[in-house]
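I'd like to ask you about the structure that follows.
For reference, chains read A, B, C and D in written order, and residue numbers begin at 1 within each chain.
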Amino acid sequence: MTKVKFSVAGLGRIGKIHLENLLQMENVEVVAVMDPMEECRKYAQEKKIPHIASTFQELLAIAPVDAVVICSPTDTHADYVEMAAKAGIHIFCEKPLDLSMQRVVQVLEVVDKANIKLMLGFNRRFDKEFKRVHDLVKEGAVGQPHLVKITSRDPGAPPVSYIKQSGGLFLDMTIHDFDMARFVVGKEVEEVYAKGAVLVDPAIGEAGDIDTAIVTLTYTDGTMAVIDNSREAAYGYDQRIEVFGSKGMAQADNNYEDSHRLYTKQGIQGSLPLHFFLERYAAAYRSEMDSYVASLKNGNAVAVDGRDGLKSLQIGLAAIKSLKEKRPVKIVEIKN
Amino acid sequence: MTKVKFSVAGLGRIGKIHLENLLQMENVEVVAVMDPMEECRKYAQEKKIPHIASTFQELLAIAPVDAVVICSPTDTHADYVEMAAKAGIHIFCEKPLDLSMQRVVQVLEVVDKANIKLMLGFNRRFDKEFKRVHDLVKEGAVGQPHLVKITSRDPGAPPVSYIKQSGGLFLDMTIHDFDMARFVVGKEVEEVYAKGAVLVDPAIGEAGDIDTAIVTLTYTDGTMAVIDNSREAAYGYDQRIEVFGSKGMAQADNNYEDSHRLYTKQGIQGSLPLHFFLERYAAAYRSEMDSYVASLKNGNAVAVDGRDGLKSLQIGLAAIKSLKEKRPVKIVEIKN
Amino acid sequence: MTKVKFSVAGLGRIGKIHLENLLQMENVEVVAVMDPMEECRKYAQEKKIPHIASTFQELLAIAPVDAVVICSPTDTHADYVEMAAKAGIHIFCEKPLDLSMQRVVQVLEVVDKANIKLMLGFNRRFDKEFKRVHDLVKEGAVGQPHLVKITSRDPGAPPVSYIKQSGGLFLDMTIHDFDMARFVVGKEVEEVYAKGAVLVDPAIGEAGDIDTAIVTLTYTDGTMAVIDNSREAAYGYDQRIEVFGSKGMAQADNNYEDSHRLYTKQGIQGSLPLHFFLERYAAAYRSEMDSYVASLKNGNAVAVDGRDGLKSLQIGLAAIKSLKEKRPVKIVEIKN
Amino acid sequence: MTKVKFSVAGLGRIGKIHLENLLQMENVEVVAVMDPMEECRKYAQEKKIPHIASTFQELLAIAPVDAVVICSPTDTHADYVEMAAKAGIHIFCEKPLDLSMQRVVQVLEVVDKANIKLMLGFNRRFDKEFKRVHDLVKEGAVGQPHLVKITSRDPGAPPVSYIKQSGGLFLDMTIHDFDMARFVVGKEVEEVYAKGAVLVDPAIGEAGDIDTAIVTLTYTDGTMAVIDNSREAAYGYDQRIEVFGSKGMAQADNNYEDSHRLYTKQGIQGSLPLHFFLERYAAAYRSEMDSYVASLKNGNAVAVDGRDGLKSLQIGLAAIKSLKEKRPVKIVEIKN
């Protein structure tokens, strides 16, 4: 079996996870990596990566690869994807492609012409909990879905500097939930109503964002979903889902450090949730990359494509408009 | 200790529950009951109730009492409460007082003038699960509340004939959740956004109502709540709550027939929820009446007063308006 | 429908429970009660019991009844049962009939001759949790049973004075578990190995008893059971069961005050178990009496008969012998 | 940082796990492996291990290492450990060292003289669930321990051929539970009473072994433990623990494929346990090796030493004697 040759662009937190997963895969060879930071390149040296670049252009030139994993900052995604696509290289790109609909549409046109496989990093689809609920819904175990409920809360707010350039709560955080809402029932969203507040940190409000939200989605067939978000859950990362339908309900609970229970005079106690996405989704990141590599090997469609990214972005932009205009917003209102 | 003399008007499902609870209370004497139906009066005879009437007027005349429990059909509540109040009798009345804000305001004026104790039957406040979450919130265990989530689903839809006169989903079913939303965090609702659909039974849609809903409430301080409702949960009655705040989250699970788990090659299985409100809230109905009797004995304020009924009705009417006008509705828009 | 006429002998904690349950039953009339203590007779007066006696002889003479409920001290059970049986009265008697095998055999002979229905108060058989596991086993849901595990721990030790006359841990506490071990799989015990220690309170050891135990039972077909006991669980009453068999496992969890969970920075917290048997088995006591009254009405065999009491006593005496002789003891070794 | 040079002897199921974990560790270099089977050596070639041997002698000669991991068949452990110790190499050896007490004592003498670090593979001590309960007990969260309960059931029986040479249930399976019983409360066992039966497969009985057991252990201070085992749990691998003490109880539940719950008209359903030890203890195997490497780096004592292996073997031999002689057996009765 010939190995798939990979490069990785960007060795931040997520880049390192993808790199380490790729290094453990039998059918993959990591040929080159790129990062503008000295420290990250040193890390790559220790991992004995053959070629190490400091710019994306250099990465493309340094060694021929079959596919590139893009984990660089969000504002570089669109350009890098276009460059790689034009070079005929398959692409795995962390979400989002861009914060502008128009730019994403442009990029996807380039990708389509290049006839390469672009997969987006909506890692939660590969989490065993969410996947199980998705599978149960698909098998018809809950009948016709009526209500989807997604709880998604972070253990702590990111720095305000991050929020200023991330697109805000709906585009950097809820966007995962928008993708999940589409994925779990396999339906498209038609309308969004977003309600938000600044309850965690006034500095977030001053930066023009919110930190707490309830978003109601309506699918094209009348099914409804509700997402609740907070930037700061005192007890830690909270990721749960529930799909209620004509024949029943499928739920997945949050994941915890362990299952222990301590019974004392004071009551029953148990462990906190797994700290954050790195811990909770460690296995999902690996499955995600396995899925992408399998697509490259067997020629099947990727599990999450560019259009999935576009759709989630569109819902996110509709949520922003809804919050601003204090009314439900149709997805078709979001054109670019 | 002198016993509180009670009469009961209306011996339907709920009337019988209240009657049987009153009969078991040491400090209560049930002096008289009233029901227009022969069969219900026969039931009262078997219970050896001293005086049995067939109209409310007759009930008031047949024997002097301290308090009356009104469980007759909704459209009689306002009149009976006024009559009892004018007679100087304390009143426990099943919700709602009336489906019209204007009429409720009138009735409450009569009650105020009469200087009697009126308590409304929002039984869920006395359920051990909801009460516990309320108490934890009150003690500050979750810090400042940010999000309230209420799941409320019935095991099956009522007959369409009932829906036609009940005021519909928001006034006959969600109204309990509106009261709970106010109760659990002790805050007032300012705005309502209701999204609904007919997903269970088209006949409900033909009758002008919905059977599935997601309602977002905003409190005056920016805190948010979301309620999800269905007229038909295949697995049975589903009553859960979650309050998320700056210091943590308090949840109460649904209640089940038993806690057993069966582990086989096919997976793990457990029991269904307690069937419906009579089973789930049996103890709550008793605590509710204990609470009312205690108020009469010790002169304290009742746990749920006429204004609580008015507030929930107002939220319900705002939800109806929101659904119709497809926009968030301020509570102050609902005047009568 | 004619009502079954009942009397109640002994109005201690359990006697009051049975009396109040009987008073609520439609097909029952409580005609007379008996208690040597003034205070208990006063309680009966408040309950408006027609006839109130202070000795068992007086109770039998004061009014004719169909059945008597015996809740007097253990050392009176055998005599009272014989007296009632000879008077042709059906009997519900709290366990045990007596602490001596020989005496129990004598009493059962009198009962057999009298042709009356004697039921013993092994209330746990009527608990919804244990009953469910029993039913699942009976339906074959776990296949052929291999292992039974019973956890039974009290919230606090009784006074040493009680222990001195109760027969000790195995006869006053574990005896319920011995009955459960037989009931849940419908098999007879052949051998007992008991290991015990004084870990809770040295005063219990000084009184000649133990406060902590692990008892291994072997059924006639090789199936095994293990019971673990403690006189003092800091977190409260703990009553669980597990039956493991060729096709799977059925478990029932302990019962808790409520299902709430509080999530904070410190972890997850929940409520304590229901305090003790009065709280945990309140519904079981009612079902137990319903079952007995139904047997009297329909002529069916009682759910728990004198032989069940004899068998549990025999297992208890074997456990005592095993503990003393530090070896497994066959049930057939216990003759009287 | 200089890397610790490792070799691995035996590339069966467990050997592969240890090899792959070692390959992922930053501070470790796998220099050589050995396996008599062609296929396993091929696997090592794919992993690019520098030196590949087919006998243990060859392995010791082929390249200098700091430590060797021994995962060859049980009957080679003693010889290999002695050879490695004499060569001055640190050793990680899968349990047991040998099935004979006498031989184990001999081996440990050689190890002691060689002054090398020998760690035994009792992997469950590194499982997050068991470790948590151990830590809670150590911190005093349950007070003085009174009762330990260990449930340990395999998803299916091994081939009878394996059972014939493994030492049987108590030495190949329960031995993990004996180690856990010592570890979780940090106390030594004084007496064993074992009860067993052939309930799963008569062929196991014909091979002279049992497949179902309840073993009661008594510690030197009177604390008691009970272990229940089955070779075949229809629902899968079942690994639970409970420690009950003067201040409360700490429990750890089994681990499941996922946390989902499906609610339908038929009841509630959930996922099965993780299939077997490879799935359940994947992370524990990694932590175990991390712990061993850390001991080598920092000079601390190993987490599980030769004496721990000796103690568990002794308890296992006592259990065999107890089963045979149908009586409790003191550990001191087992001399060799």
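Basically, a residue touches a chain if its C-beta (ideal position, glycine included) is under 8 Å from a C-beta of that chain, and two chains touch if they have at least 3 such contacts.
Model, not experiment: these values are computed from the prediction.
Repeating the A-B interface, with the same residue numbers in over half of the contact pairs, is the pair C-D out of A-C, A-D or C-D.
Simply put, chain A must spin 180° to overlay its Cα atoms on chain D, rounded in steps of 5. Most remote from chain A, judged by the distance between CA-atom centroids, is C.
For chain pairs C-D and B-C, the one joined by more C-beta pairs in contact is C-D.
Rounded to whole angstrom, the centroid-to-centroid distance between chain B and chain C, based on C-alpha atoms, equals 40 Å. Mean C-alpha position of chain B lies 58 Å from that of chain D.
Centre-to-centre spacing of chain C and chain D amounts to 42 Å, using the average Cα coordinate of each chain. Residues of chain D in contact with two or more other chains: 233-235, 247-249, 263-265, 271.
Contacts from chain C toward chain D in the complex involve residues 143-144, 146-147, 149, 151, 153, 193, 195, 197-200, 212-214, 216, 218, 222-224, 226, 228, 230, 232-235, 238, 244, 246-249, 326-328.
Against chain A, in their complex, chain C makes its touches with residues 233-235, 256, 263-272. Of all residues in chain D, only 24, 26, 46, 128-129, 132-133, 136, 141-142, 247-255, 257-265, 271 touch chain A in the complex they form.
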